[in-house]
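In this document, chain identifiers A, B, C and D correspond to the written order of the chains, with residue numbering beginning at 1 in each.
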């Protein structure tokens, strides 16, 4: 049913709204969502976003497979997720409506591009009858707007070809929604000019379309009323809106600056990690070297070679690439050189769901190498946290002279959130001492350099760079003699070295923060333990459960190997331990083995983040069962 | 001190003896040990062997690095290990003596090649004074035999060049030891003729040297007395002596015959797995195709391609190669095709100790793939068990249409034991049903083939071979729609498929033997849980512990994923669970996570098997602590 | 397999029910059309054909063919196809790959498949870009290419796929392009008929991330002047009325001349079957990129024992000499003894 | 690094304290000697040299050099060396590899390092066998080779490492052998001096698993007739008093003639610097294996921008144009807003 109420005078104030833009891959929905997000950010809302696009570059127009969507939640208070069910769906064609309508909230507002609902498009989208007419949308507030023709009408006067004119319809939609949610207009207009500076006609067309959409909202008598979401009361500071991949790239640049080591990235493109390579390749004035290698093995190999040369070596990839890198990881940990291995997890196994999110690479990160080959493993919890964590990963790698695995995922990689910029001066000093002198005396009194003569505290080995006189030494993947580092097949030496390598990594636990418990620390009936990108959803779910009168504690792990020293005590403190993960229970397995606590899993593997709602229910279920 | 007692008349009968042959890589110690083993086997002793050679092809003569050793235990009763401390050490040069003397039993007999103890050789071996003179060997019974010169003297008359003549000295040593332990002579003489048929002079030289050694024992008035080890009372049957790698290769040939599928091996050479490739490449008359691929990834890739074509696809490797294969394993499990992945574990991490044994690839086998990617994992317990297990691995792979990982290790690969040949007729039928008809009807009534329409019991998918009319279908690494197998990005479908793949593998537990408990089943104070090649040592240690009055139960696992259905109950039945492993506690980790039992680890990582003695002590220690 | 008369088929019979998911305007569509149109003419059955691919836009190809198919992992298709072709000599195994899939991550498998001369027909869709991952440069991209991963221009000197193949002992090497269906079909047919590994480089336009990369030579109006057709047994000439041609001399290698200047007899007569690959290699160097006159057609097509046949022959000989394997005997092949 | 006068050194200074662990009689010893003897002449410091290797007998090489060294994993040395050379243009990076390491598992890294022209000096010890794993055939073994893994003879057509390198856009390609120290040293020096990737194939005898593989051409008494020395600027001739020579023609490629028959002027004059690699490729095809007259020396040595330099230049330009990177500015490069 189409709504024809008269517009209300003043905008209605709401505390939060979830909007989902959906259209054809070619319709520019990611751009539209992105733009709406930025202007909301600039306006001062808190927000979180969830881009959701197909694996194909551009599936055939109008098909369900081709639908590309972007969801954003904006609010006047601190939020941690893009929200569950959208309050507003903007559907640019029938396929978008068909594929998305299932997710939206009851009584949600649905804005459709009426022009797109011709019979061919309906058929393509798998509709036998027109959902705008057949009652499919009963219960929703539907606005049917002929966006294509209105855009054409507005733009064609500029002398733009029809087809090109219609391309601007996403800006019409953006203008309309901006009006509905009383977003500031100027930032977007300025952005259009900047973004399309090289294509003035396109810039002009988009500007006109945007304004037309905005005006349409204003004038057309068909919108019930507009809404307003006040700025959020966030801590004072300078904010910017970042994706996890950008934050990660910047964190790596920061780590390079803080350590004084040039950054070297050896990588092979793979979704959803490629953008880190793209971002870093732009910052050559920071002395960042990037190599698009012939494959993932060469990527990590080159990074390792650079590390031997004294650079901050980094390799970035996703699951399939991680699998390929495992042999070289084993070499790197035997060479005991610093190296950052970054895995942006995606749906698996095998090629799986390349553009979707998942947390199923944890056990591979922990155990996916032959022999006894422990490595530190970290996981980021939010887009902006990726910045901090890149620096922490570098700190560990450089201090303990070890490869470090940093886990992110598709959701963090492409999702955004407002980020309060850190004070650069407050970032940790990662300065490294290289070996410059012999560190061992031979029986004959001659002085030599022993590459495996360790620091007694950290058990880290000295790092002597090629080019340093008198410290020439050879390292390799064969077992090495303790101290001298010469090849050794001595059984007792091997046993010692295996245990030293293990002790070195385990010892890091003394230099990382203890696990922090939040929520009902003292009297929780249940503790929820999470890791990585589920943080927002878990946090949201936990507060909901509390609202329903339960007492729940939370622990969210950033360091997965070694685990925080106090974790065992913490978990034993609570009658129930529940571990939500986007896999089949990988962390819970670890916790059970480590602490013999009966950790219970809540698992989803749909390529999507948890919704707070489903997690709330899952936690409530676990509260039902006696501990 | 050199012994000069007069020889006793009749050989002294002993129930078992451990002999270790040690010399330069070039001295042919492996051959010598092997020969002694075979004649003992033919004589009817039970036995077990442990070859122990350096990673270098041939390190410089006379150096410690170049020492190659071979240990064999022969006995008149059932034994399971090559024994701990040798009763007899044959040392062909100072380096051999120096590197091995530490292992031998107190008051052991030491036979050295006196000619080799010149100053240069002593220095090379790191001796400043001559151990034969400086009291180093006090307490041992030392026989100093000028083997080189005696051999030369015996062989030169044949007109053989001096250097070549000396080459036969290992046969002199063999002859001598054969005399000491009253081994039959003819089998060895016949073998020499066969083995060196193409080089008659060499054959003759070795024969003469062997006889000379034997005669020397007989006549030289220097040996206290000779010994005799009676044949063991083994179950009736035909026996042969096999290494684990040979048994494995034969097991694969058997699986091919039993299933009627041609065998295809895609492999890349790597120690200690290469011999499986070598052995299989000889059996072309069994229709075995072997490809020495360009690398490990191509090896498993080719095997997977062959599997798609209806062959029994196999790939063999060791740790570093396993790491490289992990991405393709993920594809294979997504394609749900049968494939055997065989990992002959060696010392790690990285290149590690290529010729030494270790059990540290278990967690990689279980978890070393991205995404949720469960695979069945099996481990062989003894050289001959590799035969049986190759067939079992094939049974699982073919029945459930899944890759299966089979773990062996360097100790099993090269070690030998007498094997009672199975009755071929009694081997299981592995016959496979291929799909020949459409298995699904479209709404329009047309019949089609759905490659992921599963068997309701096993959840295995149908296997339709290219060449089959009307069943054309496409499979790939992207997530597939349940049933049809078409590419699907649907979240709910992904969740279903991930759980189905997991359920399929977990379900195998209903079709494997339950865990068998041996020893003091009812009232054990402690249960020892082992897996793989530690079986012999654990068994030996457990009986020793029992002799000291304790009650100990044993469980030895062959199936590591899924674990036997009853394992949890079994473990909970005993107050203490002790898990000896040649790693840092990988299986114990699994047991703790699965069953929340406080499994305690006993770990060694020296590149060597456990000795029964050290395990005995470890178990006794655990018996000390209150459960 | 099945009865001996090959059923008559049309393109439709070779098209799967899966909707094609390339960008509108992608060159892959015309290559797919050429293959689907060729198939009915090859006198083979659909069930005896397998398309194997890696990952990439090109690698989606098997889904659209109504044959058997494997969409495998990035770069590994030649290795997987090698096993399949060895195991099943009765099948027709095709490999479809992109320039990244075949020459970046998969380069090693490709050159080893070529030297082994395993019986596969390999189509390399060269669009000089990574399409599926949204536009990074590839091993065939020209130096200085500005892409997402090289905002300041790439530094890597590109591979010439034909040169790489010839250097890797390939027995059949050809080049065609997505704008000329007839030429594609001719070349694909010859590649299919070749016993052993055949590599066909197909210049393919990625209109989203590298549009027009080959326009200078493949656009209708440029072809005469910019494409040098290689025809076995004929002097190599091109241009309006074949006014230009190719000559070879020891000091300068292959180069282009005006036929008027040198006379027809001086032109190099193309011979696909030279056992020495040097002349084919020279021809592969004529153009340094798709903006100079570029040879298309079959560079090299020589006989060499096909790998799979060799394998099968060794099995047959072994069975003939030693009789079919007997398990009993195998287990007893070492020294055995009886315990009573 | 360190003071500017290069200290005078001898072979001893370049030898590590590790005892050499190759089989007695292995050709690797003489290659090691040639390298250790050459080093003092190169005017470089030991601390500025890194030897990187993969796995294999050859790959043990770095342990014996008193320089920096990485003994890495099988096949990956060129990739690891690429990162090191990019990161540290001030170093002299050598890679030592075997025929299996470089051409089997490592083939892809090798060809990509060559096309990028990264500044490494790559010595490929070709013994046509897998030594360390005790004697399986390798990608350079002749067809029909009987080894542990091919008891009935191998079926794989071998690579010609020089052809592969030239097909992969290499800028410096040479061949020498372990029996001629002087020749090795000359060739290694030129390879070292070349800016960019230089590949030197070294025929090396594995006296344990493939003894005499090159005897027909490298044995003192055979060299005159069987080795064809390539000397820049000189007509290519060999044999007693240079009685034989090499000519090229378009139809037959490169072939051997009696100088008496064709006259000296007809001989091909060797030119390392031809930008077109075709003639170098032709020369690489003269011998089908080390039992026919085989060219040794430098096939190709051309200038092309070195990869690491290009990388450094891009950094320098970026810093010049945009100033050294500032973290504050980077974090604020997107849209920002203040919350007060």
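Just so it is clear, a contact is a pair of C-beta atoms (placed from the backbone, for glycine too) under 8 Å apart; a residue touches a chain by one contact, two chains touch by 3 or more.
Everything numeric in this text was worked out from a predicted model, so none of it was measured.
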Fill in the blank from the handout: Comparing A-C with B-C, the busier interface by C-beta pairs is B-C
Practice task
Quick one: point me to the chain whose Cα centre is farthest from that of subunit C.
Solution key: B
Practice task
With chain centres taken as the means of their Cα atoms, state the distance from subunit A to subunit D in Å.
Solution key: 44
Fill in the blank from the handout: Rounded to the nearest Å, the gap separating the Cα centres of subunit A and subunit C is 39
Problem - In subunit D, residues with contacts to at least two other chains - result: 55, 73, 104-105, 107-108, 112, 139, 152, 311, 314, 317-318
Exercise for the section: Name the residues of subunit A that each touch 2 or more other chains. Expected result: 65, 284, 294-295, 320, 327, 330-331, 350-351, 476-478
Handout entry: Of all residues in subunit B, those that touch subunit C in their complex
Key = 38, 41-42, 44, 187, 191, 231, 234-242, 246, 250, 253-254, 257, 262, 264, 266, 283-289, 291, 293-295, 297-298, 301-311, 313, 327-328, 330-331, 335, 420-422, 424, 466-478, 486-487
Exercise for the section: Using the touch definition up top, name the residues of subunit B that touch subunit D in the complex. Expected result: 56-61, 63, 65, 268-271, 274, 277-278, 281-282, 284, 290, 292, 294-296, 320, 350-351
Exercise for the section: Report the residues of subunit D in contact with subunit A in the complex, numbered from low to high. Expected result: 1-2, 16, 18, 45-52, 55, 62-63, 65-73, 76, 79-88, 90-91, 108-109, 112, 311, 314-315, 317-319, 321-325, 327-328, 330-332, 334-340
Practice task
Within their complex, state which residues of subunit B touch subunit A.
Solution key: 54-55, 65, 318-320, 322-324, 326-327, 330-331, 333-334, 345, 347-356, 358, 360-361, 363-364, 366-373, 476-479, 489, 491-492, 494-495, 498-499, 501-502, 583-584, 589-590, 592-593, 596, 598, 604-608
Problem - subunit A-facing residues of subunit C, complex - result: 19-24, 55, 57, 73-75, 104-105, 107, 130-134, 136-137, 139, 148-152, 208
